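You will see chain A twice below: alongside chain B first, and alongside chain C after that.
Moving on, here comes the complex of A and B:
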């Protein structure tokens, strides 16, 4: 990863530690600053997307298992929360359940499909998600194809929803950061690079993939549940749509696959751009993302985060060259960049 | 189920298998030579359907003729796509996620160009042939399906001849077997890959045009057929053209006869479930069953 390619100075490291907290603090006080309901809704949706993006990134980015089936978890989470809230269960308890049900489903899906590797796994997940939608379209307890309307007792308070979404996004970031720096995260990275080699080193790829799949599915399911409570109406062609899977995959890939902040960036960009574009030009929206995906795959595999990092380093380097210090550092930087980006 | 029912279903399944084979064979050759899982196949099938529709509506061409014209047109499109995008991918003798995502991006682009140009209403191609039926006593065959079947079998036959008789075909088979050995004996792998990609896309276009005469379509047309194509090429062992015919037959039979056992609403789930089962249980395709037995003997 290119972000690991150079050692940050101590001041820089301090800034890096501060930025997320600052961001969280700003987002926490924002509603008090008098945002319009429409802006709060935009941010709410964006946080939901950021959570799913981080969830997908755990499996797709860290462990290298590209899945086209995350709508299954999103939808299961949405339906779990919907059914429980509708029966009068506390919404926050429902959200926990909305994480547990998809996690169990992810194990059931993973048991057969993780025997497949790379693109074969990806293709199998398309099959799983399509089959799930067909089944959910025909189940009677969920209202089938006509959808499910959620009756929640009590007044509707948009700010509650905002803080819930902000909370789950923060949880997703924390979980991702904890995993990426842990032994578990390193094992996942080993699996991503070479499954057989990882197995030789004593990592059980199958078990690790199942575990991270469950965590990713849980986060995605909670996001689905939070969305369902806000939307108050869900139906299988909506939450279980192949489109939903596509969105969840596009965000981290475009933002920067395999890095926590890349996934966050992808979710932020996607959520904000989506809300503005989808209402007016739904086709241009996906056309744009398809084109962006092609460009990123061919030109900048590290995504927007990688691109920003590159620009940042170039600016820093040119500033340093102006001061005419460290004559060898440019080459060293270049070597490091190549080594890291390869 | 009476014997007549059985026979009618069997014929329907056979006719379906023909179009299924054409639809999947393009994916197989691209996978075999380049190890690229072509998700954009669905997008080109959709484009093929609209290609036939436009020719039919504007120039009043017979849709079957339009399907045949789709071959050279989409061949050139495929070569252009290869030149523009695919050749920049790093070579690999295993399928990479990079190529999967690239083709996926291309599919998104094609699909949404479709939405922009033709909107999201269902379209269909209607000709006098659409509803006519050949009656053979108790057995009845849809004329259109028969015509489509003949066109499909014709395409497969031409492909088979091209692969077995021409220098290009021999190069393709060499690269499918072993890319490096092929290069050592003087196969131009770049050129062969370009032509193969063109051919794969051409078959997608033809299949889309043929399917458009049977079903209504919208810009999301290719997706269910994409999954069926996956089932077929996995059943067929991924890299073999004759395996595709076998896989197509198996899927068509299962789909056609499952109406006796599975409620119609759950019907689409069959091919999706089969996809997962086939990938997990039979990664080497149906032919691997015989191969295994032979090894044991």
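Moving on, here comes the complex of A and C:
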């Protein structure tokens, strides 16, 4: 029964360290390689989605608190950045504010809602999200339901937006990796599995949930801000839509809930596929998402990352079997799957 | 109530002169009070080492550095006898080892008072003997143990002071010898019609 945990070989560990940097380098030189503006736009929006996906994954994936209300943070970030940029504030300072305002909002939302558990918490977040949308629809300072047009001084350079979005996605990955491997991350994993047992070992679940909610909201808000600057027009039925919350939740589920690279993968796939779905099936694209969600949960609850991990392990095992060495055990596989963050 | 799961309707709870009434379990851990669960509650998707490491991180000493926390966790696991299972997922170890893991996690928080809830429940006679030996060693190392159990033999084997409860009322209190000869305890334990038995003992 006793088995050693999965220990990657040195070469494998090196590859694991190298791949993210390679990916970042490729994405960084892509605009110079002569991408069309339409492709740059697609990648830009994909990076924004990846950031929100990672944000949601911190709370939903690591801490196990399923929220349907992330549109609140996305929208608040978008409006904070929009209002500031419109008044001539440096966009990058505006993005910082676009992270702080939703983080504060997340604490205010979390104080009552984290007293609820499981589905009750999830339902409460829907209520908060809808209430925020209705308020924003009627708030005159932001233009109400008519939306808000951002007038930014200076020329529009698409590549700047691209790099900003790539930068925040990279920050979101870094933050997620730092958290997953820390004492904080361990507490979140414990809370996800058994909140009361975690409390019996000294973890304050309420405080940790509030803290990770704030980090998640901050990242989502920055993503909203970056999107708002690019779009130059935002309105409550867009950024505060329930649909936005669903998108944000769907990505980590597609990619692999609770793992950093799963959330990235989900964001990448969703960002690219979403556009095609909306374009080709405008009436039923939400139905397709619903169907996809059910299929994933039924067939591969660990998402694309889980599926890829399975394929990788199978190939590895068959290679090892060829070399007549002992193959990895189920426990080791589980450890590997769980360590998807690394 | 002592573990922070319930709030008392009256009365106060003091620990080393400090009023801890109504404290939540995570703050009681910082005061040196830890508990184990009758029905084991390991973090099943974590390894045994990670389970104990978490308790070291958030226990009374609050060790933040991963390497130091892991070293300390390994020491505790060796004390309890689950060090060979360190890298196994908690879901994949036997019930006996999961009971030991419960104890290891509680010990890893560095408690002064350890609350054990039927720690031998579901164990084989051999496992029970070894668990009781372990409890004795923990006591000898200076940790006070409050042990809730209805296995009279187990109570008599390890306890210095025993309190017997019947329907929530205290029936008797004293040394194991006094309790064994207490007529009210004998009557309750012989199972007079409609009575239930529940031993609460303190080592």
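By definition in this document, the second predicted complex is superposed on the first by the 315 of 342 C-alpha atoms of A that agree within 3 Å, B and C clash if a C-alpha of one lies under 4 Å from a C-alpha of the other, contacts with A are read in each partner's own complex, and residues count from 1 in each chain.
Just so we're on the same page, a contact is a pair of C-beta atoms (placed from the backbone, for glycine too) under 8 Å apart; a residue touches a chain by one contact, two chains touch by 3 or more.
Because the structure is predicted, anything quoted here is derived from the model rather than measured.
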Greater residue coverage of chain A in the superposed arrangement, chain B or chain C: B
Partner chain in contact with A:194 - chain B first, chain C second, else both or neither: second
Partner chain(s) touched by A:202 [first = chain B, second = chain C, both, neither]: second
Which of chain B and chain C A:170 touches, first, second, both or neither: neither
Chain B versus chain C as contact partner of A:48, first or second or both or neither: neither
First (chain B), second (chain C), both or neither touched by A:105: neither
Partner chain(s) touched by A:59 [first = chain B, second = chain C, both, neither]: neither
Touching partner for A:223 - first (chain B), second (chain C), both, neither: neither
Touched partner set for A:186, first chain B, second chain C, both or neither: second
Shared contact residues on chain A - chain B and chain C: none
Chain C residues within the chain A interface of the complex: 3-4, 24-27, 29-30, 34-35, 37, 41-47, 50, 53-55, 57-60, 62, 64, 66, 69, 84-85, 87-89, 92-94, 105-106, 108-109
Residue ranges of chain B touching chain A (in the complex, touch as defined): 37, 85, 88-89, 94-98, 100-102, 104-109, 111-113, 115-116, 223-224, 226-227, 230, 263, 265-266, 268-269, 271-273, 275-276, 279-280, 283
Complex contact set, residues of chain A against chain B: 64, 66, 112-113, 115-116, 118-120, 122-124, 126-128, 130-131, 134-135, 137-138, 242, 246, 253, 282-284, 286-287, 289-294, 297-298, 301
Chain A - residues contacting chain C, complex: 1-5, 183, 186-187, 189-190, 193-194, 196-205, 331, 334-335, 338
